[in-house]
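Next come two complexes built around subunit A: one with subunit B, the other with subunit C.
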Partner chain A sequence: MNLPIDSVMLVLVVTNLLLLGLSQLRSCVHAVAVQGFALGLLPLLVRQSGGPTVWTLLVVLVTIGLKGVVFPKLLQEALRDADVRREKRPHVGYTMSMVMGFVALAGAAWLSSRLPAFSGSPSTLAAPVSFFMIFVGLFIILSRNHAVNQIVGYLVLENGIYVFGVVLLHELPLLVEMGVLLDAFAAVFVMGVAVYHINSEFDHVDVDQLDKLKG
Partner chain B sequence: MTPVSILLWSVLLLPLTGAALGMLCPSVRAVMALVRAGVLLTAAAAAGCIWAVHAGPAVETAWEWLRLDALSAYHLGVMMLVFTLSSLYLPGYFAAETASGHFTVAQARRFGALWFGALAAMGVVLLSNNIGIMWVGIEATTLVTAFLICIHRTPASLEAMWKYLIICSVGVAFAFMGTLLAGAAAEHLHLEGAQMLLWSRLRENAAGLDPALMKVAFLFLLVGYGTKAGLAPMHSWLPDAHSQAPGPVSALFSGFMLNASLYCIMRYLPLVDAATAHTGWGPRLVLLLGLVSIGVAAVFILFQTDLKRLLAYSSVEHMGIIAVGLGLGGPGILAALFHTLNHALCKPMAFFAAGRLGQMYGTHDTARLSGCLRGAPVWGRALFGSLLAVIGVAPFAVFMSEFMILRAAARNGAWWTLGIFLAGLAVVFIGVLRQAVNMAWGEPVAVPKEERAGTMDRVLIVGALGALLVLGVWFPEVLSGMLDRASNIVEGTQ
Partner chain C sequence: MTLFPIINFLLALVSAPLLLGVINKTKALFAGRRGQPVLQAYSDLWKLLHKGAVYSRTTTWVFRAGPVVGLACVLVAAALTPFGGAPALMGFSGDLLLLVYLFGVMRFFTVLAALDTGSAFEGMGASREVQFSALAEPAFLLGLAAVAHVTGSFSLSTMFPALDATDWSQAGPALLLVAAALFIVFLAENSRIPVDDPDTHLELTMIHEVMVLDHGGPDFAFILYGAALKLWVLGALLSGILLPVRTGFGVIDSAIAWAALVALAAAVGVVESSMARLRLLRVPRLLVGAVLLSGLAFVLLLR
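Up next, the complex of A and B:
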């Protein structure tokens, strides 16, 4: 048991469940921002030996800056332009989504119990939580129609992978970590621009109505 | 710095310079000239690198983070071929767009920068020895090319771009999870931090990778990179993106972008095979995905009425063919790699023709293009010729590589594979040929604009289709040696 890390894991699980149950797009963006903050602290908590290095601090700052502040800001901009407050017709209802969330949690726990224990992992919760976030992210992308919500799903998916990388693979070269963060940033930025263009072309951002191309 | 490492760096840095310069160009013509010069220069640097490794050992530089061996050198060659062909085709294509006012200087600048960006990103995929950075390259490719789809901003192209972005981003995120899991599988080998994700180090220690983790890793990688490679059932973005993107961009997508992603899967095949004690677990999965892709593509091709969507599904089929070859192992891998080159020659040609005919007829509807041999003699012939090559009519080289895969299947006694493979190819053959004949000799229903085919257009058509004919009857020793060494890397015997 490692109390600080496990508390972060708890925050991650709770924000995921919230994301599944919330209909207000603005609240979804807030939840994913909280998730980004909690996530950003992880590198500090994991590398205990010898205290944090300058690089670790840099990664923490960049992560919190991007996932906790910049991404949510970008999404809120997109929401303001789009002038939509809530998801109108999700493919799966909110109660059902919560149920699916619990199923995903059980599935993630089962999957990680099948894998060999990670040597030197500071938290046994990291693997199941990471898989859980990947499942939830994928579920949000598949079950929601609003483009901003799909980006939120993508962020949750990315966050899940980030947890895996930081907690279970703490020897990951920092250059790779930085490359990955930069890529996530570019991805969200590009998606934001796409939403902006879709919005100005169609007067809506309901991905469900993007259905002209078939077969 | 050795001369080779300077060349390796310049393959990455020349396109980046080009991208920056592209933003400063004063006219469409200047952008086109820059693209042509930049791509040819990069191709020259790449040729130098390929020459350096074509018979010798792999070269490494930048503390082993950049590496070129026979497999990546071969793919680098194919990539530069596709980029060179497309860049030579660009001016003719955009001249018509500029004339009709659909292509402004701002669009041209953006196009030039993105074109160079795509080249640099795919170069990173091929040259990096670090599997994390290789992933960064694939992700960057996705983001850069997304905007190439909607150079012309229409509702349909925006829709295609969004689907491409979201589906491929999710796919690529899965590939990243797979990359991390592969790193986790190597954790108990106690490689130093900076070397943990180096492919060459993993390859040396592949037998010691944790089998369970490596299997999960490979599942994630196969789904992830398979999405970007257009393998069914993760191919749903592909027909939309290919049909909405401008002709040269579709050519680039089909000609090499899909292969760049398959290349990543090839890198992992020897790792997973050694980790699972050579039980053939990994190759079997690749084979299965390949067969599904051929089957799905065959069904959809039968009902296509849009030429570019037809070609897009044909790309799904060809990626499936390559995957089947990889899955069969041994001579199948060599055939798959040979098929990569053949597909990279014929499919861009078909998209070039579709692009120009689309400009003349104002549509890609196969029924409206009927009788295009008379309406547009040059590009009509190019379309018919390249469609014949695409479906593998002998003696085009595509026929040879498909035949080699069949022989590999027979050698393995994989009769089910052989049967499904043949059935799929036969359906595609009939489906495409029917449409091709109708487009060539059918009763004309639309009056096209006047065809303006320049010398460069003719050189491209004759050159690419001629090369396919030559490769169909003559297998040069340089090529066969290179293919042999590259396939040994995928097989894990080298």
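Up next, the complex of A and C:
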């Protein structure tokens, strides 16, 4: 077991469970921020041989800056504009969501045990955790109505793919990582703007009620 | 070396009510009051033991048996609990199940006694107590099972003394999760604040207090003392996981464990001063969270 990496993995899992169990949207955004911070540290922990290079540091800084600071700030802005504090009625209740999260974790562990072993992977937890995060992200997008929560789900999904890339394929070119981060930034930015416009147009951000035309 | 289990057991019997005093003192400190003396619980017990008991004519022997059985259960549980690196007074393979279900029997008789009074309030408290403990129990069992997996033994007396710093360096994240889950269980089982408020006497919000409203005199002393011992037992398990310091000298180990328990009581006081009680509807979510933390630790260890 690699203790620092496993601790980060643990933070990721616990923040995911929190996301499934918390009803306050503001706390959800905080949890995603913590997740972004923990995630950003991963490249530093993975590449220990020969010390971190300048590029690694750059990736770490940009990741933490975007996922730990900028995205949560954007989401908080959107929340403040929308003036909604909690999810009104999620499709799946919070306790049930947490139980589903546990099932997803077990499923992810099973799935990753079926995959051929990634040679040189520094942590045995990385594969199950990244699958788990992808499942949880999808689950949040499917089960929550509030638009901000859907962005949160998207971010979790993206974080899961990031974990997979950083820990398991630890030779991802810098250009690709930067491209992915830029894509995520553009997506969150566009969604934030969309939430703002939906809110000012419809007086709510409940995606289930967005099936009526408004002239 | 063979004396330590007995000494530790006596230490538990003598200083369990002190923990209640430490919690109250911490809360008073946070509120800027002087607060009751640290040894207040002893005076309360002394006063109650010298009173007579009043029994309603509608109650049966079940009502009288409740406090006695409760105290007996928790005394056995204390005898099963290892403390400060020394084994417990008695132990056998699988006694962790006995410990969990001793608390179950204690709760069952408290609930029966509450129902026996026929009071609507007490029935309500009993229903809540059973609902919450049904969720706390799996968290407790799974947590203990995870510790058993780390140490490779099924007896509390060999499990806890075997825990040491190397276990933390190897299975640190899992042990931390278990400790977090057990802390929630510790708060819920001892009816402390995020779950239940031991100070409030508003019938609509309390859980444990409402069940023992009709007990008085020595019976209530038994209940109070049983609650203090339960706090001690669960606290000893929790601090045994969090602070497995082994110096090789039994006296120092016991002293460190004792100090850890007092610190834990102070931490409970801090939690109680800085948090509000959760709404009743949200308590199950917290407890399911504890179950998940324990389960997560177990999954981590199994890999």
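As a convention for this text, the second predicted complex is superposed on the first by the 212 of 215 C-alpha atoms of A that agree within 3 Å, B and C clash if a C-alpha of one lies under 4 Å from a C-alpha of the other, contacts with A are read in each partner's own complex, and residues count from 1 in each chain.
Please note the rule applied: contacts are C-beta pairs under 8 Å (C-beta built on N, C-alpha and C of every residue); 3 or more make two chains touch, one makes a residue touch a chain.
Worth saying up front: this structure is predicted, and the values here are computed from it rather than measured.
Of the two partners subunit B and subunit C, it is B that touches the larger number of subunit A residues. Applying the stated contact rule after C-alpha superposition, one finds that A:105 touches subunit C and leaves subunit B untouched.
Judged by the touch definition given at the top, the superposed model places A:116 against subunit B, while subunit C stays out of reach. Of the two partner chains placed by superposition, only subunit C is touched by A:13; subunit B is not.
Using the contact criterion defined above for the overlaid structures, shared-chain residue A:147 touches subunit B, although it does not reach subunit C. For the contact definition in use here, the subunit B contact set and the subunit C contact set of subunit A share no residue.
Residue ranges on subunit A touching subunit C, taken from their complex, read 1, 3, 6-7, 9-10, 13-14, 17, 21, 94-95, 98-99, 101-102, 105-106, 109, 124-125, 128. Against subunit A, the residues of subunit B that register as touching in their complex are 130, 132-133, 136, 139-140, 142-143, 146-147, 150, 153-156, 158-163, 165-166, 169-170, 173, 176-177, 180-181, 183-184, 187-188, 193-194, 196-197, 210, 212-213, 216, 239-240, 243-244, 300, 303-304, 309.
The part of subunit C that touches subunit A in the complex is made up of residues 169-173, 176-177, 284-285, 288-289, 292-293, 295-296, 299-300, 303. Residues 114-116, 118-120, 134, 138, 141, 147, 150, 154, 157-158, 160-161, 164-165, 168-169, 171-173, 175-176, 179-180, 182-183, 186-187, 190-191, 194, 197-198, 201-202, 207, 210-213, 215 of subunit A touch subunit B in their complex.
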